[in-house]
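Input: structures, listed below.
First chain A sits with chain B, and in the next complex the same chain sits with chain C.
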Partner chain A sequence: MNKKVIATTSLAGCFGCHMSFLDIDERILDLVELVEFNKSPIDDIKVFTKRVDIGIIEGGCCNTENIEVLKSFRENCDVLVSLGECAIMGGLPALRNGIPIEECLREAYLDGPTVSENKEGILPNDEELPMLLDNVYPCHEIVKIDYFLPGCAPRADLIWDALVALVTGDEMNLPYEVVKFD
Partner chain B sequence: MKDKILEITSKYGDDRGRLMDILIDIHDLKGYVDDANIEVLSEKLGISIAEVNETVSFYHFFTKTPKAEFNIYLNDSITSNLRGRTRVKEAFELACDATFEGKSEDGMFGLYNTSCIGMNDQDPAAIINDVVFTNLTPYRVKQLIKALKDGKSLQEATYESTGDGKNSDPDLKSMVFNNIRKGMMLLNKDYERFEVVGKILAENSPEDIIKTVEDSNLRGRGGAGFPTGLKWRFGRRVEGEHKIIICNADEGEPGTFKDRVMLTEFPDLVFEGMVIAAYATGADIGLLYLRFEYRYMYNYLSLVLEEMREKGYLGKNIAGIMDFNFDIRIQLGAGAYVCGEESALIESLEGKRGEPRDKPPFPVEKGYMNFPTIVNNVETLASTVKILKHGADWFNTFGTKDSLGTKLLSVSGDCRFPGIYEVEWGTSIREVIEMAGAEDVQAVQVGGPSGVLVSVKDVDHLGGTELMKWYKPSGMMVAQKTYDRKLSYSDLPTGGSIIIFNNKRDLLKEVVMNFMDFFIEESCGSCSTCRNLPYIMKQKLQKILDGHGVRQDIDDLLSWGKVIKVSRCGLGQTAANPILSSILNFRHLYEEYVQAMTDYDNTFDLEKSVEAANKFVGRKTVFHHS
Partner chain C sequence: MDQTIKFTIDGTIVTTQKGLTIVEAAKDNGIYIPTLCNFEGAKPKGCCRMCTIKINSRYMTACTTPAADGMEIESNTEEITDIRKSIIELLFVSGNHFCPACEKSGNCELQALAYKYQMLVPRFPFIFPQKGIDASSPRLMKEQNRCIACKRCIKTIKDEEGRNYFAYKNRGYALEVILDPELGKDIPEDLAKLAMENCPVGSIIYKEKGFDEPIGSRKFDKTPIGSEIEV
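Up next, the complex of A and B:
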């Protein structure tokens, strides 16, 4: 059997979901038997080099770079999984959604109590930078997402079980205590 | 002002449990309640400012902003829309020189939308300073506002005509109509007032009474269908320093107005039922929870209670039965649909927010002020009087095997004869449609937007699809193929709301959207499922109606609808029913909207989404990649 190919990324997230992924501990040895990694921070491959079976997305979309990466995942992966609260709902970054973006920028770069070095009132507008979106969007509002694994972060067991189910095609084991929303 | 507030609180014995009455009195006095008043209340009643605030903010008819001289609450239920609400609304805005949810500049008129006020057979209807105006038309609105501007009183403006039956009673004098189209046992003029309490009660032991009610197989008429005799037996068995009988007259389910008619035409019958329940269970305190929208009946009903006290049917040693002491107080609500749920109603009676309690304990164990409490619907209590008068066997000659007796139906919508129909259980939807003179019928909404507290196992009899297990059967939109289904506890249980829609109506845009707005407005906010999902599901439906829907969206709605079942009360559990039952019975309407050629459509606009940030930082929107 050919090994399934996996890609992962962290968009507007904290990498906590990836950390949780690594919490599968010694099962990572079983995992390398089952799958090979392509574009992912785990092996530091930066671009897709082949067709991918399963793409795992941590984090939502707060800027244009997130959108671009997410779209490239959709193009290159057969199955996309939203992993964790931020990918599914926007999570902590989405707390800014109730506040106009102008106000957020003003607080961060001009008027905030911790702003001390920006006497000229410079705002980040270099064209090399990604552009900020008006809201933080969950991934499924940008591209079609096939599966959702909730949690902040999702338990390692949940990630492991989901991966094994996707790779083997067996039904997923979902005991109550493994599925958490916080 | 402080003195006046203190005068009010002392009138109610500085009792925290009477906060509803105190707030209603303050609103009568000055139209609203401000922070200074709340501080006084908090001090005097021995509760925190937050506790007063949470009650004030919960109810639709309480406010912390000054009101106008005339506050016009225009019903925004679906039946109102069907009968030309938009034009009436515009007429109010023009005549009052104000827009809805605001006041006119001179402070004379305030215009507000309000959830169903129980006048569906005579919509559009409005409540103006507690006086109900029905069958409004743009012309009548113009005349009415002109009369008020000319300095006439609201009473003068209504007295041009009064409604039928006891609505023209000098103590009631309301322009509301009963529209009783068909009566059987309850709506029967053959009723000798207080005969059961006066004569029959003394001849029977409480045990006999409970036995008779059990033998009659009477089940709760509010919608849940719990056996009344059993409830009373539990009530009798439980020990308590006091026991409470509550009559639930908070019918807030859109399309329901039977309790209004019962209380107008036969208040004595309902109160008699409460006395019987008290005798059977050993209760000493009676409470009628009357929805604020029916406040115009308050004095009329109080006079009936006064008469009963004079005749010895309330008070001490009722009807000569030694140590049978019982009296009834009327408690007004203040505009909250969820208070129709029995434990929310009890919270409200205690002067708190109307949030449903966790069960168990059930009210019959720990209810009002933690005393054993029996909550019965208006219609249920009235039925017990007839049962005791004529016997359980007689009662069992009405209806079908599993659903005995009669049911009051509140029929409204697209039909020639909207009003109250008392029918035997087992009557089919088709028969109701024919009686009401409805033609070209597209759909019938049975049980209002939600069903109230029907147990899930009732659904199993239906043998329906998997989905049916997930939502309560009453509160469903019925399509033509199922018009032969029968109103009964095993087929289509219902609290009695029947709304008919003809083929000219857009079921999704007009009806389902209106129902979802109702649930969004009326959620108490306690459970996140009921607070959020109706809003999210309505957004999804809007996406479908906007032409951005895909097939997956329909499936999403169905699967999300299951989640709402974990809500604490019947309102929350059924808040997705408008969407679920319309998908179940009218799926083709949804499918007409969704796109066949794509399986994914978001409405995300990348360029627009970066506009605001780029403008603020001074940057051109340029995309280097595709």
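Up next, the complex of A and C:
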């Protein structure tokens, strides 16, 4: 059997979902028998080098780079999975939704109680930096997402069951204890 | 005169005493009909529509409709389940329900219903409202972006003279449930805690408490909502 190819990324997330992924513990040995990783922080492959079967997205979209990466995942992956609350509904980064960008930047770089080193009062303005979006968007509001795995972070058992189901084509179990939003 | 009536829920024959609502009659017979705005001991209002059922093919709310002899009720059908799920999804997208950052998570009835109906993602676009937070009371915080306007706090939290601590403000989309600024200043500790408890979501938060129950031992972590009723 050909190994299924998996790619993962963290957009506007905290890498907690990836950490939870690693919480599958010794089952990761079974996983490498079933799949190979392509573009992913897990193996540090930076660009897609082949067609991918399953793309796993952590985090929502808060800037132009997130959109670009998400769209490239959609183009290169047959199936996309939103992993965790941030990918599904924006999560904690979306707490800024509704607050004007300027206000957010001023709070972070000029007026916040912990700002001490920014004497010239500079807001990040390098043209290399991605632009912030007006809101933080759930991934499925930007591209089509095929499956959703909620949780903050999603339980390792949920991630494992989902991967096994996607790889084998079997129906997935969704026990009450593993589908949680926190 | 015999006050016993007989009707069916999803084909199961149930018997009850005349005068009970369908939610109460179902509960007595070990059948759970989900509710959100309904609160035991308070007058039912039927505003959240979670308890939507079909009586003789008509959509009705089970919390406000008295059980009657010969009714044929549909409750756990595919159609009704999808209606209930869509109501939960609408409530999720029309507020800011950031479960990971909410003090009520694990004890929240809206979240518990989403778990029960396996909401993985709402089918509607998120609104991300900016309604604000009133933290002027020394004991309570009212987070308006989590409020589902169920009126449970208005109906159940009163002072000794029967005055409401909570009230409606504005109309239509701008409607908010607010804590009376004068009464809220001196709300007793037990009543403030009760207000948080009676709120089905995390809109009324008892201050200086935060997260005091570990994940895994909260009300709905392991037990689905309604399982205490179901036989």
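To be clear about the criterion, the second predicted complex is superposed on the first by the 182 of 182 C-alpha atoms of A that agree within 3 Å, B and C clash if a C-alpha of one lies under 4 Å from a C-alpha of the other, contacts with A are read in each partner's own complex, and residues count from 1 in each chain.
We adopt the following convention: contacts are C-beta pairs under 8 Å (C-beta built on N, C-alpha and C of every residue); 3 or more make two chains touch, one makes a residue touch a chain.
Since the model is a prediction, treat every value here as computed from it, not as a measurement.
Overlay on chain A: chain B and chain C clash in the combined arrangement. When the two complexes are overlaid on their common chain A, residue A:I67 makes contact with chain B while staying clear of chain C.
In the superposed model, A:E141 lies in contact with both chain B and chain C. Of the two partner chains placed by the overlay, only chain B lies in contact with A:N125; chain C stays clear of it. Applying the stated contact rule after C-alpha superposition, one finds that A:A156 touches neither chain B nor chain C.
Judged by the touch definition given at the top, the superposed model places A:F181 against chain C, while chain B stays out of reach. After overlaying the two complexes on the shared chain, residue contacts for A:L92 are found with chain C alone; chain B is out of touch. Touched residues of chain A, counted separately for chain B and chain C, are more numerous for C. By the touch criterion defined above, A:M172 reaches neither chain B nor chain C. Between chain C and chain B, the overlap after aligning on chain A sits in one stretch of 41-49, 203-211 or 221-229, namely 41-49.
In the superposition on chain A, chain A positions 135, 141 are in contact with chain B in one complex as well as with chain C in the other. Against chain A, the residues of chain B that register as touching in their complex are 599-600, 602, 604, 606, 608-614, 616-623, 625. Within the complex, the chain A residues that touch chain B are 64, 67-68, 100-102, 105, 123-125, 127, 131-135, 137, 141-144.
Listed in rising order, the residues of chain A touching chain C in the complex are 82, 85, 88-92, 94-95, 97-99, 135, 138, 140-141, 145, 147-150, 152, 174, 176-177, 179-182. Every residue of chain C that touches chain A in the complex is listed here, in rising order: 92, 96, 98-102, 105-106, 111, 114-115, 118, 120-122, 125-126, 128-130, 215, 221-222, 224.
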